[in-house]
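Going in written order, the chains are labelled A, B, C and D, and every chain counts its residues from 1.
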C-alpha cells in the first residue's frame, strides 16, 4: 500500500483553525517525504496539515517543528508521549486527535 | 484456531449476579457446541455463561433461551439488534456487554 | 402567561450573554430556548439538576410533575430542595429554586401522580419531555404518551454508581418500546430507595438530560443521523460509553407501522408493579 | 469548629441513607466524607455544581475561594448563586447555598485572589483541591502548590461546548506540568467571558469534579493504576472520550526526581497573563 488514510480530529477549539470542521480524513504517502526509506511518521502528518490545510495562523498549530504548547496529541485514544510522539510511525486508519487544552470555567 | 477469547462485561447491576465482577475473559470453542459445523454464536456464549458461571438465579439472566427482558446486549459497542442478535457469529476478542436497564432516579 | 417573543429583551441579553456569543448557538438559539416549553417528570435526583440548568439556562416554560414531598433523605442528591422545603411538594419546592435564579421562567408545578388519565393532555402542552422518574410503569406511560403526542422523550436513569441516558422518539429514532418491547420481571427492578445511589450519579445524568433537551429545542440535533445510548459508571474506567442503538422498529406496538396501542393503557397491570410500590424487591438487581 | 468523628450521628444516617446502603460505599465511605476537607478554587460555572454536590453529599469541611462578586451574567450557569446574591462575593454566596441544603457542613469562604503568597498555606489545610478556575496562571499556581503540599488536584475546564477533566498528582500519576511543561502562548487562551459557554457544559464537568473528589476521599481510587483525561463535547458524538495519559515525568520541574521548583514562583510572569486579565484574546482559540 502506498497511501495511508488517517482520521484526524480537531477538538477543544482547534477546529476553529479548520473552518470549524472537527473530523478530517487525510490521505498521506506511506513513506516519509523527508526520508523515502522510512515509513510516514506523526511529524509528517503535522507538516502535511500545516502545509496543505492551513493558509494562515499556522503558528497557532505548529511552533519549532512540533505542535505549539497547549495542544495535546492523542494517538488512538492514548497520549502521544506513550507512543514515541513525533517519531510515531503512522498506520492506516489511525485516529489522531489534536486537542487544545481549555482553561475556562 | 479452535478457541475464541471473548471479553464479557456485566453492567447496570448484572455484575451482582457474578460476584460483583464486571469484566470477564471467557474462552469458548470456536465451533458451536449445538452444531459442530457452525461457528460459535452469541447464543452459545449466553448458554456458556448460564451453565458455567452461574449456580443460582439463572432466571435473572436467561429466560426462554435468550436474555430476560430488561437486559440489553451490546456487541463491540453496538446494540445487538443491529448484529443478528442470538445468531451473531462470535469473533476472537469481541467485547460483549450485558447491561441491565436502570429505572431509578 | 407564557407568550412567545420575537426577540430577546435587554435583561435576557445581559443574563445570557455568554451563550449569545457562542457561534453555534447565538441569539437565535437563546430565543428558541425562550420560546420553548419542557415538561420534567420527577423532581428527584435526576430532575433536580435538570430543572436547575433548564430554568437557569433560559427555557421559557417549565412544567414540573412530582406528587412526592421533600424528605431529609432526598437532600444528599436532590440539590434543588432545601432543609426549609422539607415536607413541601417537590414540584413546588423545585419551582421556588428556579425562581430564585431566574424569576422570569414560567414554571408550572403539577403535584400529581402521572397516570393514563392525565398524561396525554399534559404532555401535549410541552415541546419536549424529560423522564426523570424512578419506576418502570411510569417509563412506559411516558413513552407511549410521547409517541401518541409526537414529543421527544429525554430519558435518564440512575442507580448505585450507574447511570443511563437515551433520547427516544426523536429524529426518526426508536421509542422505549422499540428497545424494551417486554417489561422486565418486577423482581429484577430496583429503585434508588432500595438499591441506594451515590448522589452525584443522578446529578451527572440529570444535567446531561438538560443538555439533550436544550440541544433539541435549539435545533442542534437536526443533522443527527444515528441514535445512541449513553452508559455511565462513576467508579469504572472509562466512565462513559456511547452505544449505537437500533432504529425505530417497524413492528413496534406504539410507534411502528401498524400500532395496536393507540391510546394509553393500564401500565401498572402491564408492568406488574406501579409508581408508588415501596416494598423492597426480592433480588437486588 | 470542624472535628473528625468516629461515627455518623442519627441525623447523618437519615440524611445519607441512600449512600449508606451502597455496598461499595456504605457507612465507612460516608464517614470518610464526613471527616474530609476539600478546597474548591472558583465558585463559577465549574465550582457551582461541584460545591453543591460536595456540600449536599456529606463532605465535612469545604473551603471556597473566589474573589469575584455575583453578576447577572453568571446566573445562567453558576446555579449556586441567585438573583438576591447579586453583588455578593461568590464564595459567600456559595456558602449560603450549601447551608440551605446541609447546615452542618463546615464551609469557609475565602473572598481572595489566590497567589503565590497565600496558596500554599491554604491548600495545606485541605485533603483535596478542585481547580475550578478560569485562567492559565492560576492553574499552574494550583498545580505547583498541590505538588509541594502533596495534595491531589481535580482539574476541570470548560469553554463553548467543550469540557475537560483530569486528576493530577494522585496515585503516582502526572501533575499539570508533566503534561504541560510550557504554558500556551497567551494569544491562544480564551476564557468563558470572551469565548462564551453553554451553561450546562461547565455543569457537567463541575459535577464530575465533585465525583472524582468524593472517590478520592472515600478511598475508591486506591486500586486505580492508569491515569486518564476525559474529553467532553456537548454537541458531538460520542460526547465523552477517555484518554490514557502519560505517567509522572522524571524530569518534571516540580514533581520530577530533581525538582527545581521548590517554592511558588511568579505565575503571571511565567504565563504572560494573569488571573484578572479581562481583555479579549487576539485569536479566539
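Just so it is clear, a contact is a pair of C-beta atoms (placed from the backbone, for glycine too) under 8 Å apart; a residue touches a chain by one contact, two chains touch by 3 or more.
What you see is a predicted model, and the numbers here were worked out from it, not measured in a lab.
Peer 1: Please work out the Cα centroid separation of chain A and chain B, and write it as a whole number of Å.
Peer 2: Chain centroid spacing, chain A to chain B, equals 38 Å.
Peer 1: When the centre of a chain is set as the mean of its C-alpha atoms, what distance in Å lies between chain A and chain D?
Peer 2: 31
Peer 1: Quick check on chain D: which residues sit in contact with 2+ other chains?
Peer 2: 160, 192, 195, 197, 242
Peer 1: Using the definition of touching given at the top, classify the network of chains in this structure as line, ring, star, complete or other.
Peer 2: line
Peer 1: Write out all the pairs of touching chains, ordered by chain label.
Peer 2: Per the contact definition above, the touching pairs are A-D, B-C, C-D.
Peer 1: Applying the document's contact rule, which stretches of chain C touch chain B when the two form their complex?
Peer 2: So the residues of chain C touching chain B come out as 42, 44-47, 132-136, 139, 156-160, 162-164, 179-185, 187-192, 195, 197, 202, 229, 231, 233, 236, 241-246, 283-285.
Peer 1: If you look only at chain A, which of its residues touch chain D in the complex?
Peer 2: Per the stated touch rule, the residues are 11-14, 16-17, 22, 57, 60, 63, 68-70, 72, 74, 77-79, 81-82, 99-105.
Peer 1: Can you list the residues on chain D that touch chain C in the complex?
Peer 2: Contact set of chain D toward chain C: 11, 14-22, 24-25, 49, 52-53, 56-58, 72-73, 75-77, 79, 81-84, 100-103, 160-161, 192-201, 203-204, 207-208, 210-211, 214-215, 220, 224, 226, 228, 230, 234-235, 237-240, 242.
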